[in-house]
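Okay, got some structures for you below.
Two complexes are shown next, each including chain A; its partner changes from chain B in the first to chain C in the second.
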Partner chain A sequence: MHDFLQKIVALPWDQSPQWLFLIPGLLMLLAASAAVCLRNLIHSALCLVLSFICLGVLFMALGAEFVGFVQLLVYVGAVAMLILFAILLTPAGEVAASNNPLKNFRLSSALHAAAGAAITFLVLAGLLTAIFFSPRAAHAVLPAQAAAAPVALIGENLLTHTLLPLLGIAVLLTAALVGAALLAKEDTSL
Partner chain B sequence: MNFLALLKDTLFQFLGLFKNLDTLPVEFMRLLREFLVKLGALCGIAVPQWALDLVSSLVIIVAILVTFLILFALMSVFERKLLARAQNRYGPNRVGPCGILQPVADGIKMLTKEDLVPRAADKVVHYLAPIVMVAPALMLPVILPYGRDMVAVDLPVGILFFFALSAGAELAVFMAGWASNNKYSILGAMRAIAQMISYELPLVTSALVVALVAGSLSPAALVAAQGGYSFGFLPRWFVCTPWGFAACLLFYIGALSESNRCPFDLPEGESEIIAGHLTEYSGFKYAIFFMAEYVGMFAINGLLVTLFLGGYQAPFPFLEWIPGWCWFFAKLWAVALSMVWVRTTLPRFRIDQMMLFAWKFMLPMSFVALLAAAAWYYAGQGLAGWVLSALIVVVPYLLLGTFCFTRHHSATNRRYLYSE
Partner chain C sequence: MMLQILLALSAVLFCIGLLAALTRRNAIMVLIGIELMLGAGNLNFISFWKFSAHPENLTGIMFAIFSIAIAAAEAAVGLAIVIQVHRRLHSVDVNQANELKG
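Showing the complex of A and B:
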């Protein structure tokens, strides 16, 4: 009994174990495939939210707390809500009507499946190439001082090295906002 | 040294801690860890670091949960009492002395009620919604600094953590509303989400104002930055500066809205949509929604106290002998009871008024507060900073107020755009 206790105590519990990484990763994959496979659109969207959350947890497990919480704030708080609203406000009949002809033509559906597989393969291959052959892959593990003050570093980088893309995104978002306001305006002037 | 001697020793040390109430909780945790190490040595086991961490984490988690559940119970009875007093009646006074045990009776009532699930409801999502609601709400209080060095998780991005988890409430409200398969529920959920998203923007921006001046997102660092007194008497709480006062009011209004409290209780407007997304919930699931809302309210009030009201700092130098955590909870109660006061005083917003207020008044004002804080930061904290940031806040406030809230006596037939 005593030996057993001491053995359990001596296990490396405090070192970040692999399964801590594995659980959210597997859950994310599961939720993402459920989001694609489920028939009910709202269920798909909720599964997508779960995979967003798992991705945030993965970021946190990697030590990127800031990115993880921003992922939760932006994707779960805003993007997911937008998706859910869009599903609710779109008439469900249109989707069913556009799906029906596909089911009648076996050849066409096979073609669509092949096209889907090809696109998936291309995207996956592109991603993997980018990951394995990027110059940053060699030092993928963050240096210690970068992990200590990530927020300040991110802020400094955003406003110095990547200022131009940041401004570009700001212009894009402003344009989108103006466009949305315009659409809403036309709607109310009926 | 045997077990009894160790126990006696630790007990005396524990009693000795009462000499300094300010550091009592922190010292208690240190004592607990020491006790565990000595206990392990007595049994011949070298207690490792992770076990100590585990035990002290559990103790802290239980302490925070119990504190916030007690706050919830007390709030539920005090709120009813205060509302009753404002309406010239007695309020709950049957259960226990002065009705103080009313929450116990409420809990028993809720537990024994039948848990109804509508036949047409989406069973899984209907079941998950209260869980998604309550889990983030109970996680929110961990980042608040309750006293000097009394913070459960000192996250460097604590403020962000808070707002990221608050997103869970929107999700839960949507799940509840949609899964109930009821028109009142889905309408209430849509209203609630529209309201939460609209008010989250000014809420986050007014929190950002503080982060800008203090240069940190860690709640403990923010409170530490509010120590001391300017001009010798005025505490350096952020609420005592022009930009901080504006941001504090904006944050307070945003907090009212985020916790769905009057005058922002449109999602549950009884006369219009029964109980909104809660219509199809009964029994303990309803109680869980209710609890999550109140715990969330206390958490966001705690964040308000942390950001603007100086957290555990005393208001006057001669009151510094009172422990910091007493100040924190005193301020927390003051903010919470002021919300009850607002509830007794103000009528409910109409939905178009609510949206107009969020987008045309609060959002621009929060940007103005951000600008004023930047001016304060660069003008220095002397008289120039005060005058400059006060001007930056007051002038747009007057202009916006005149622009948004002046009644135009022109149109004869008024149309309610959003209510049709």
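Showing the complex of A and C:
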């Protein structure tokens, strides 16, 4: 297993053709769209897992192996697990519409969806315009570096330059864990 | 050109997450959309690190690592709030959690 991983990492990724990056990228977009569109929550959580795996593969292909493995461990291992637990602890489906007495409920729901889609389309158009057509986009792009992030260098950086943020993250994670346990407690007096 | 393709991938992923957060009425789907948006942000950090002038400084890597840690904390607290809302209102519909509305 270890030899296999080393062979994968040692592949000449920097000489690979550029369109190779599109395979995990497009698969990620496909899985994310499926996660958003599917009605069954379990299916959409599993599509979310596939999307996160593709994102991790993309990170590794870009030379950030450590971030790719952290992505797999944290998102696929922990966050997807939390989401699946929350889905199982709450009743399935968006069926709360039946107890809504308003007759124009469907109209307002359709308006809501149309407004959300319009805002999303505006944001997407703005982002793509800025990426492809802004005057600085043409000449501000540097060639790709043969960038590598060895784990030893990351660890050294974490414990020297970013020591204070690291301690802050530790306190934040502890506080979030205690807060989540307190919030989800059965006989809470909130 | 490759940086622009990566940024476009990330922009589309962000908009898929935004669409989920804005249009779905289930609170868990809203959280899934937020996770997708955070993933798009991480992809941007890594892409700009790959194409930066000094990748040996590891700036983008550090940003991505801290961002993943904060996303994990956000998911834990968000899902605990969803479970508490379900316990009080017997529904995870975000439209029904309006007790604070004036």
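The rule is short, and it goes like this: the second predicted complex is superposed on the first by the 108 of 190 C-alpha atoms of A that agree within 3 Å, B and C clash if a C-alpha of one lies under 4 Å from a C-alpha of the other, contacts with A are read in each partner's own complex, and residues count from 1 in each chain.
By our rule, a residue touches a chain if its C-beta (ideal position, glycine included) is under 8 Å from a C-beta of that chain, and two chains touch if they have at least 3 such contacts.
What you are looking at is a predicted structure, and each value in this text was computed from that prediction instead of being measured.
In the superposition on chain A, A:70 makes contact with both chain B and chain C. Of the two partner chains, chain B and chain C are each touched by A:78.
When both complexes are overlaid on chain A, the residue A:41 reaches chain C alone and has no touch with chain B.
By the touch criterion defined above, A:116 reaches chain C but does not reach chain B. Residue by residue along chain A, chain B and chain C are tallied for touches, and C comes out ahead.
On chain A, the patch touched by chain B and the patch touched by chain C overlap at residues 66, 70, 78, 85, 149, 188.
Of all the residues in chain B, the ones that touch chain A in their complex are 44-51, 53, 122, 125, 155-157, 160-161, 163-168, 170-171, 174-175, 178, 186, 190, 193, 197, 200, 217, 417.
Looking at the complex, you find that chain C touches chain A at residues 1-9, 11-20, 22-26, 28-29, 31-33, 35-36, 39, 42-43, 46-47, 49-53, 55-56, 58, 60-62, 64-66, 68-77, 79-84, 86, 91-93, 96. Residues 2, 5-6, 9-10, 13-14, 42-43, 46, 49, 56, 65-66, 69-70, 72-73, 76-78, 80-81, 84-85, 88, 149-151, 188 of chain A touch chain B in their complex. The touching residues of chain A, when paired with chain C in their complex, are 18, 21-22, 25, 28-29, 32-33, 35-36, 41, 44-45, 48, 51-52, 55, 58-59, 62-64, 66-67, 70-71, 74-75, 78-79, 82-83, 85-87, 89-91, 94, 96, 109, 112-113, 115-117, 119-120, 123-124, 127-128, 131-132, 137, 141-145, 147-149, 153-154, 157-158, 161-162, 165, 169, 172-173, 176-177, 179-181, 183-184, 188, 190.
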